[in-house]
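Sharing a structure with you now.
Labels for the chains are A, B, C, D, E and F, by order of writing; each one numbers its residues from 1.
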Amino acid sequence: MNNYFCERNHEIEVFERCYYNQLPLMLKGPTGCGKSQLVQVMAERLKLHLIKVACNEDTSSADLLGRFLIKGAETIWQDGPVTRAVRSGALLYLDEVAEAREDVVVALHPLTDHRRELYLDRLNETIQAPASFMCVASFNPGYQQGFKELKPSTRQRFVSLVMDYLNDEDESNLILRLTEVSSNEARMLAKLAQKIRLLAEYNLKETVSTRLLVNTAKLIHDGMEPRRAGYVGIAEVLSDDPEIIRALKDLIDLSF
Amino acid sequence: MNNYFCERNHEIEVFERCYYNQLPLMLKGPTGCGKSQLVQVMAERLKLHLIKVACNEDTSSADLLGRFLIKGAETIWQDGPVTRAVRSGALLYLDEVAEAREDVVVALHPLTDHRRELYLDRLNETIQAPASFMCVASFNPGYQQGFKELKPSTRQRFVSLVMDYLNDEDESNLILRLTEVSSNEARMLAKLAQKIRLLAEYNLKETVSTRLLVNTAKLIHDGMEPRRAGYVGIAEVLSDDPEIIRALKDLIDLSF
Amino acid sequence: MNNYFCERNHEIEVFERCYYNQLPLMLKGPTGCGKSQLVQVMAERLKLHLIKVACNEDTSSADLLGRFLIKGAETIWQDGPVTRAVRSGALLYLDEVAEAREDVVVALHPLTDHRRELYLDRLNETIQAPASFMCVASFNPGYQQGFKELKPSTRQRFVSLVMDYLNDEDESNLILRLTEVSSNEARMLAKLAQKIRLLAEYNLKETVSTRLLVNTAKLIHDGMEPRRAGYVGIAEVLSDDPEIIRALKDLIDLSF
Amino acid sequence: MNNYFCERNHEIEVFERCYYNQLPLMLKGPTGCGKSQLVQVMAERLKLHLIKVACNEDTSSADLLGRFLIKGAETIWQDGPVTRAVRSGALLYLDEVAEAREDVVVALHPLTDHRRELYLDRLNETIQAPASFMCVASFNPGYQQGFKELKPSTRQRFVSLVMDYLNDEDESNLILRLTEVSSNEARMLAKLAQKIRLLAEYNLKETVSTRLLVNTAKLIHDGMEPRRAGYVGIAEVLSDDPEIIRALKDLIDLSF
Amino acid sequence: MNNYFCERNHEIEVFERCYYNQLPLMLKGPTGCGKSQLVQVMAERLKLHLIKVACNEDTSSADLLGRFLIKGAETIWQDGPVTRAVRSGALLYLDEVAEAREDVVVALHPLTDHRRELYLDRLNETIQAPASFMCVASFNPGYQQGFKELKPSTRQRFVSLVMDYLNDEDESNLILRLTEVSSNEARMLAKLAQKIRLLAEYNLKETVSTRLLVNTAKLIHDGMEPRRAGYVGIAEVLSDDPEIIRALKDLIDLSF
Amino acid sequence: MNNYFCERNHEIEVFERCYYNQLPLMLKGPTGCGKSQLVQVMAERLKLHLIKVACNEDTSSADLLGRFLIKGAETIWQDGPVTRAVRSGALLYLDEVAEAREDVVVALHPLTDHRRELYLDRLNETIQAPASFMCVASFNPGYQQGFKELKPSTRQRFVSLVMDYLNDEDESNLILRLTEVSSNEARMLAKLAQKIRLLAEYNLKETVSTRLLVNTAKLIHDGMEPRRAGYVGIAEVLSDDPEIIRALKDLIDLSF
């Protein structure tokens, strides 16, 4: 699943123009719609080293920027992943940036405006990002339940690219690339995904991603009964509510 | 109670197919339905070393991944249990993964997708999991009172296997395997369990698990009056509410 | 008050059968009903060293399991009380276990199922409990105001023994054993206790324990006017509400 | 204000009987009613060294029991005030014990029952209190707004002594002992205090203590206009509400 | 603005009598009414070194009392500002004492009663305050929104002095002392302040302080158009609400 | 975008008069209205070194004032950015000061009144700011959802300058200065911005800033279809709500 991205709506153009104009980019879209995939493919295309940071509320700015480590009698500075990305001019990918702590987000501000620099408090050192450095962040606006939001002063630093799931033909082709199922099975899985995604009334927190289809396809190709593969690979994954699971299983039964 | 698992619904097949397709597996089900048991039996069957981590909100990622320890004048890195599991290609079992802290869950993300790798921040080292490595997590969807939930981006990484209690014949046989009570007593205990599980109106947070039946059987075989054994091994364990306890004791009185 | 336990409802049998079947035991009951007393008496009877841990939300797992201490240039591991109990095969008493932090409770899980082992993260060492080791916990279900509860996955590990106050004859005898008051005074104190315990409408958070009767008896034997002894040893101890205190004092006045 | 206590209701007898019967004592009463005064006077009378600990939510058990301090290359254990009190057989006074953290309160449990011992976790050492050691705690039940409460398992360890303000004659005499005002002025101040204390409708969080009368008396004797002294020493101290202050000032104007 | 205080209501007498009677003093009043000014002037008058501590919820007692610092191989004790004040017999000013943490407030208790001593836990040392030492605290009762309150046991240690803004003549004279504006401009500024303070319906959190008038006067004297100076020095400072700002600007327009 | 500021309402005059009268200045206005720009331009004009601190709730006062670092066997003091600004007489810019922690804000108090000094607790050193030092803070009153507010005692230290967006002619000129788009495109972008800003009913948390226009202009000049550039550079950046995005895109479609 690692080095292919099926373009939907000029994603590659937007990404490249941001890169060449030194503008940071925000990817917005649901879980598993291909955000990480796009970043990985673009890193290869632009010949950039990719450094990925999964943001969360327990990560401190020291985790990202670096810290002094005591080794024997010496004190050694160790760059964190963000600092390494800036020094080496890499592609820095901040996954789910809205979940990061405030001090982390704020430390990234001078890196994402015209200054393009990172200030390391502990070393009292400012690092200028080389021309090749690019900062990409991702954000999932679909969580309904009042999750943390980005502040406007952070949001407005990024060009914003909305991403969504593939259409069924593209998704079917992607399943074929990534697994060894028959084209008929791939098509049935992609169609099933479309049906599930349309059924907003299922009240799912998030709907089926391509990843689930690929996992299910692998189990089917390995010999598992297709319905059971759909149950454990899709239905039981998406919900814990017996009624929703029942409805999803009915859809799966109709598909296979 | 340690090396036997009575299959209900293809649990072993699902587990094995996940293992051979390198897919992580999530076990969903109530306390004491046999999740840990399945994992232990599969570790033996697949000839894997089992490393179990009980997740909770007080465990930091350093506890799981490793830390530097100061020993005399030296600083020594000590792998945590997750790191040891990855390095050695073991079966890693994350019990009650929904209770883990965010940074712990996020650190497991690259381990549970196609990358199958673990990044050790402090060492700036990425460990590639060997083919034999498998990650299994457990989750109890039955807690009603708004306990922590898994984020979709975590959930959708796992194939999902729902588990439930044994039927009374299988449960009776299991009691016989694990204790020395008579087959009559075993059957009575299994029947009692079925009755309690059906009585949803008892408003129990969780219902009787096989473990309680085994404990009670041991006390009976040791000579304790059966009703008293049922009181201290089942009724008083399941509730603190005098009325519920009274109703459970009535059921026990009817059984013995 | 230290080496006598007056049995009410087979407490000693249940305790012993748990001990010989290697089952952990949970004592449930109100403050001062004799839980600690039972444990102490059983430790002597079973010839076990008793290690008592008072659980509370500020105790970390390091406090219980052990930690590295820096002494001069050396780093020395120091076992905590739980680790010492396991290594030496002692009777471990976890008082008010429901108040412990999650990581503490979870660390005790492998110690309280068939594994009977303790894993020391920092040492990467697993200690197998010897046959003589027993784990007993206590829990007070009577706190009404939504205090912390035990999770089912913890609760169901223990055989559960409900305890209550002594009847007035037994309580009177106990007072005589522990103080030097006259048998008449002892009987009056025990009767007073029965009356207070029956008066549920007093809305007391907890009712009078034997400990209060013993304290009061000591003050009376030392020459304090009996009513005053009852006021400072019982009435003022049980409540801060002037009306409740007034009612309790009236009861005391009627008794002496 | 330091070495005189005017007995109201057998306080000295209760204190002494607790001391000689090795029972811990809880003093209950409003701010400034003489709790600290009683303890200090009894320490002198019983010829005990007094160690006072002001409990609050920011004090850790290490602050009270002791800790290792690093001094140059050495690590030295330093006893905290509670440990020093136990080792030396002093009178330990825990002021406002209800505000202490849970781990602090729990560490005191074995010190306040028949065991009379203190366990020092870090040293793995148990100290037996000598016969002269006594533990006294104070507690203010008058705070209305849901302040922290003591758990029954803590409360029931102590004999409980309720204290209140002096009557006006005793209070007037006390003012004379502690300041140089005329007996007429002392009487007027004591009378004023009685009036304020009776006016429950003033909705004061706490009412006037003897300390305020003494401060006011000092200002008067130093030459301040009596009404102004009452304003700054009593009225403005008791409230921030302009209407209540106005009413208090009216009372003061009537008195002088 | 530093060495002049315009007395309103015997502030200097109250301060001095407290000083000579060794009574701690609490200054109560709104922001900018001259509390700090009074303290500074009294320090000069009484020839005391002034040590000011701005209390806030992030200050620990170690910040105030002192701590061990590791310098090279040595451990050195460094007194905090409160300890230095006590040792040297200075005037200690605790600004906004209601915002201090509980452990800080409690550490000050023995310093503010007849004991006049400070206990340094870490050094196990008690420092007796010399006769010249005085403790003054400030407190702003005007914050409406449920800010932290002082506990009665803290409040009742202090004599309490209420302060308010100057009348317009005194305020006009003060502006003349501190800036170089004309007496006409000074009077207009003072009158403007009176008007704003009377308009309670403006719903301002706090009203205009002398400091704002002085800042505005400086801008006017430097050549700024008076209305603009009033806008940036007063109106925009007092509120963010467009309607309130509009009303304040109208008042300013009427004044100049 | 770095060395040009287009004056709207005497911003430069107010800034300079504050500088020469040694008054601290607060800039109030929405995200991207030019606050940082003004500060940077004034630093150049006044020939001051600019030190910018982005305030947030995770920054401690040690981060800003300085700390001891252990390097090998030595302990070295390292000034934080605020201390460096004071020592060197720089222009200190505290961005979003309302988000700073209380201890940080309080440490700045003596720096922002007539004292103009900074106290370093750890060094027990007071630094007097040289004449060239100026403190500027920014604050965004537009966040509606109850974000933290500044306390009056902090607010009233600063002269207050309200800033808003440029009018469309000035904004169009600014776009031309900072990008290479045609003057026609610049005008269309500025007009679009005015339209969006007027539409209060869009319910945007913050409206479009000049930064977004500049980013969009860069993408257009690089060859991106103007509507797409507007979508990714403006519409998708400002909102996650599909209806609002749709309305913004309609406006963009009308513009190009």
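Rule of thumb we're sticking to: a contact is a pair of C-beta atoms (placed from the backbone, for glycine too) under 8 Å apart; a residue touches a chain by one contact, two chains touch by 3 or more.
Remember, it's a predicted structure, so these values are computed and weren't measured experimentally.
*Asks:* Sort the other chains by how far their Cα centres are from that of chain B and give me the top one.
*Replies:* E
*Asks:* More than half overlap in residue numbers between the two sides of the chain D-chain E interface, or less? Answer same or different.
*Replies:* Copies use mostly different positions to touch.
*Asks:* Fit chain A to chain E on CA atoms, both being copies of the same sequence, and give the resulting rotation angle in degrees, nearest 5.
*Replies:* Fitting chain A to chain E on C-alpha atoms yields 120 degrees.
*Asks:* List the centre-to-centre spacing of chain B and chain E in whole Å, with centres computed as mean CA coordinates.
*Replies:* 60
*Asks:* Cα centroid separation between chain C and chain E, in whole Å?
*Replies:* Distance between chain centres, rounded to whole Å: 52 Å.
*Asks:* List the centre-to-centre spacing of chain B and chain C in whole Å, with centres computed as mean CA coordinates.
*Replies:* 30
*Asks:* Which chain A residues touch at least two other chains?
*Replies:* Only 70, 73 qualify.
*Asks:* Which part of chain B faces chain A closely enough to touch in the complex?
*Replies:* Residues of chain B touching chain A: 10, 13-14, 17-18, 20-21, 23, 26, 28, 60-61, 68, 70, 73-75, 101-103, 105-107, 109-110, 113-115, 121-122, 124, 141, 152-153, 155-162.
*Asks:* Name, in rising order, each residue of chain B that touches chain C in their complex.
*Replies:* Touching chain C: residues 1-2, 31-32, 52, 54-59, 63, 69-73, 78-81, 84, 96, 99, 140, 205-206, 209, 211-212, 215, 218-219, 222-224, 228, 232-233, 236-238, 240 of chain B.
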